[in-house]
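Next come the structures, one after another.
One chain, chain A, appears in both complexes that follow, with chain B as partner in the first and chain C in the second.
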Partner chain A sequence: MAACAGACDGCSAGDASHAIGDRRLDIARSVCMKCKEEAAVALANQTEPMCAQCLRSSILGKFKTVLNTHALVSAQDRILLGFSGGPSSRVALEFLAEIRSEALASRALNAPGFGLGVVFIDEGLAIGTSREERSRAVDVVEKIVSRLELPLVVRRLEEVFDDDNQEDCATQLKNLLDSVKDGTGKEDIVEILRMELLEQVAKKEGYTKLVLGLSTTRIAARVVSATAKGQGFALAAGVQYVDSRWHAPVVLPLRDCATKELALLCHFFHLETLFLRNFSTLVEPSASTINSLCSNFVFTLREDNSSRDHTIVRTAGKLTPFSFNHLAPSNGDSRSMRKRRGVKTELSNSGSNMEALCVLCRAPVDGRSQLEDDPRYCRSCTLQIVDDSKVCNLLPRHIQARRAGQAWMKSQIEEFLL
Partner chain B sequence: GGLELLFGSVKCHEVELDSNEITVEKLLVWIRENLLKERQEMFLKGKSVRPGVLVLINDYDWELMGHLEAPIKDKDSVVFISTLHGG
Partner chain C sequence: MVRQCEHCGERRQALRRPKTGHKVCRECFFQLLEDEVHETITQNQLFKKGERVAIAASGGKDSTVLAHILSELNTRHDYGLDLFLLSIDEGISGYRDDSLETVKRNEVQYGIPLKVLSYKELYGWTMDEIVKEIGRKNNCTFCGVFRRQALDRGAALMKADKMATGHNADDMAETILLNLLRGDIARLSRCTAIMTGEEGALPRCKPFKYTYEKEIVMYAYFKKLDYFSTECIYSPNAYRGYARDFIKDLEAIRPRAIVDIIKSGEDFRISSTARMPVQGVCSRCGYISSQKLCKACVLLDGLNRGLPRLGISRTRGIKSTKGVADIDEKSTVAEAGGNGFSKKLSLEF
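Up next, the complex of A and B:
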């Protein structure tokens, strides 16, 4: 029973404290529905009261299921984790390290564990963070990763400009961001450059897969914002477990986990996370970019019913995926071995992508609507980022040098072919 | 998750209230009046917290404890975690 520590102000001795005490007893009675032993501490999977340990097992279970079902990680892989410091990527880091340790210790597989490395992109220059804060952030990341004894690569976002001179890189990034007037466009270009840099790191360091800690909640927000930005044709591309448009295919093993559960996990198990500002930090909820509005919208939807972000992602997941949303079967894996392991094998066009991709955001481009626009960019990038040709010229050189996809070119001249 | 920015970058606050037994709702009112002088909409929305902010009382999710009606007593610890920057 609850006991008032001192004089209870405004509390009629028996009734109120008894009622509050009852509520506390109710909590104690709320037992984890999985183990039926420990007291439940949180509602997971929308409605299931769980203790911290079972919450962890539940999320780890989902993580492993995604990796196994889609054969996302094999012994030959070298996995690079994009670590932002936030709860989702912190959980991904913890689980990947654990799975790898288990694989190394396991003799049954008779294979060395997959390679695992971590990359942190310092976007401080773009956001306007002070040098001290940026340096402190890197220190925290180094501490977290070194405790897990994993290799870490730290890159500054401006390095995407691939110039030997750091000052020049910084200037080029500043100029590019200053030239993009639209707030949403700025956020989007930072994300695009981040992905470019992640790809560069993966390529340079020899990684075969890139894992990102995107949660259901974040993907749901992206679905809504992509819809608002008119990215209908490309919508299906970013909501699947796999995205092979990149040199190292991007894999999303936390796609089925809500941000709330991941944040709770970090809290209960003292997984240190790092808070980094972005453009929308400390901007009123009612204002600002399409991205932050959509993110706030998804969180608001979850208030009454915490399965709404799952519903959004499931609905978007029903859109026909593109050919690059599957992994080409690796040479080492035979069909029968995959079948034995219960791995989904998609009949994909192994080899070149059929779709033309925007040279900036890699969105598949709908050739029919591109007639008047620059063939290198999708509609959305054209309207929000490159509407000014000045911006085009400020993009990293290697992006400018990319040509329109072969497939698109062919589609333009198809009617003239004999 | 960055909420400390709204509270002078101090993560941990020890507070003393008049009553020894209150609800989360009353605590939020107290916070609005005493700790959070500006940018209230970043933390609060109406009577509750802004969507995306988790509330834990002694490490129990407030959803299991009655939400705004959840009781808080002396020496309890209440944790607010913002999940808006999910990462």
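Up next, the complex of A and C:
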């Protein structure tokens, strides 16, 4: 592995890592730079030594800032948190619960007293975990959420097939996964099904927003893996604070926090987390998926420069977003009111053209460069998941029933329209 | 059991193509690769008949194979090009002096004339001297900036209309990744172009943009082409190493991924109003520059004044007024390197 000694401009990592090395030695003796009283225990924002309490308020501050500046959540919302048990979603859970109870206690007019619920998706069947492990995981989740007195919904991934018979659902899921030959494709279809199921739960239970605990580090890994899969056109869609392609728009309040500081927070405040295996957990690197390779890559880069994931996400954030990366205007949320509160994110125009989306992963499809085979799927899904028509028929029925959008058809014939 | 080539079905299989996984015989491999390069050249209209083309030649595998294939296709498909080799001597002993011998052999082997330009004659410094001065960090910056100008000056001196470089698909993928990692959105939007500088006097093109590095090596190996295979002695410290290792691992999982990265790079939605550098001219040497002084002048100035970090991390002290006591016997850029700069040359740093 070529160690970076910063041999080119734009990256004087050699100097930085030397300094950070010094700082690591100093932490044992240094004082929190915020409160200047307690001993520092960790680096917040990559470089600032802080005590545990200030670390917490720093991250909470970032969380609240994102919620406010981009008006991600309003008092009328019913928020569903996608809880995986990992450090990021654990922190999101803790903070959302705290903000909500504070608001309810204060009963202030502009404080969001939003509804809050939690959903946990058990993907054990897809990964191949044992029944005991799966029920143990569910127990842990139930314990965590019940302590916070919040409603919890637990769903198995196979329930996305919407069949009354559970055995049938399980078989359908197994058949689908077996039919996808590509390892990365398998991992991706599991994620697609997870999002579909989350959307179904939000719809059924009447939630208006879906919060995911995606951190800067994980989004950076997604940026790299999307690039590696040829999804450059659609990349801008999944890296913004808001994604309205879903029935309940997905918002990412932890987008500005690195996984490391979230994990440290969980450690210092004894926030219980869950370790869940994925496809790459027990697999040799050479046989693993592109997603895990990219995730490891980002972690390697962070060792050399702990802000690298932030730079990657910032770069990706500069790509032109899509119309669905804005929230639709809601009641009592006029432009002037948003301006007064200092809200940054634009509202989408209700009349704007919706981009053509892949029926599977909902990636916006570049009308110009579409593979001829099936216009319903984007190039990436066609190559790594649906490369065999057999796979199409094994998808959940409601996905199969989606048709190629009007927008895509129009893009194909636009030049002939008079 | 001996299997037949998947392409011609006649000769026996000799190799599996890294790019596609097809198992083919040697002859078909040569033909497929050459046809793919020809396809890239024609589809992107890289050359015009009668053009005088400088092939940037380092003696390494990419430029050797490029020289070989270009001269081959030039004849076979009647491109009508006037080809010559252009080589730059950075003054890295134990590396460049050996690879230059290779290029000189190529001159004989392909019957293409060769022109060599050195950093010493252009700038008054060899890379070895520069590294002694600034150490092993950031030396790639100096080398890259100087080489770019050197190639342009050499090509202008030799009255070339166009330059062809041996950048291959792996290089393109690495560069895209690097720009993503470094947050350089402006470069990200430009780095996937197969031809750059068309508005200027010396456009550059990359006929190997979609050709895999492994296939270039394979071609050279089976054709028994003569090339110099050692890495630059200063390269282990380069940041590009991260991207290179990642891409090697990626290729092992999915060979198609290299071309996919290039496709992603081409498809990135980057607003054309994003801050792009405005092209001007260096006030000292007349080379294309987006600042008052071109990067080469800034770096050279730093070297001559004993400020090795000038232009790297230090911006205070960059003097753009003429007649500044540049002091010494080491020549400035303007004095060396010929006068082919009355024409506007396009450049992107």
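Observations, loosely collected:
Just so it is clear, the second predicted complex is superposed on the first by the 377 of 418 C-alpha atoms of A that agree within 3 Å, B and C clash if a C-alpha of one lies under 4 Å from a C-alpha of the other, contacts with A are read in each partner's own complex, and residues count from 1 in each chain.
Here is the rule we go by: a contact is a pair of C-beta atoms (placed from the backbone, for glycine too) under 8 Å apart; a residue touches a chain by one contact, two chains touch by 3 or more.
Computed from a predicted model, the values in this text were never measured in an experiment.
By the touch criterion stated above, A:318 is placed in contact with chain C alone, chain B being left untouched. Using the contact criterion defined above for the overlaid structures, shared-chain residue A:381 touches neither chain B nor chain C, since it reaches no partner. Shared-chain residue A:215: touches chain B; no touch with chain C. By the touch criterion defined above, A:233 reaches chain C but does not reach chain B. In the superposition on chain A, contact of A:300 is made with both chain B and chain C.
Shared-chain residue A:259: touches chain B; no touch with chain C. Contacts of A:278 after superposition: chain B is touched, whereas chain C is not reached. Overlap of the chain B and chain C interfaces on chain A: residues 2, 4-11, 285-286, 300.
Of all residues in chain A, those touching chain B in their complex are 2, 4-11, 16-17, 20, 23-24, 27, 30, 39-43, 49, 84-90, 213, 215, 217-218, 259-260, 262-264, 267-268, 273, 275-278, 281-282, 284-286, 295-296, 299-300, 302-303. Contact residues of chain A toward chain C in the complex are 1-14, 182-184, 223-224, 226-233, 235-236, 285-290, 293, 297, 300-301, 304, 308, 311-312, 314-316, 318-320, 366, 369, 383.
Put simply, chain C touches chain A in their complex at residues 136-141, 144, 176-177, 179-185, 188, 234, 236-242, 244-246, 249-250, 252-254, 256-257, 259-261, 263-271, 274, 312-313. Those residues of chain B that touch chain A in the shared complex are 1-2, 5, 18-21, 39, 41-42, 45, 50-52, 54, 56, 59-61, 63-66, 69-71, 73-75, 79, 81, 83-87.
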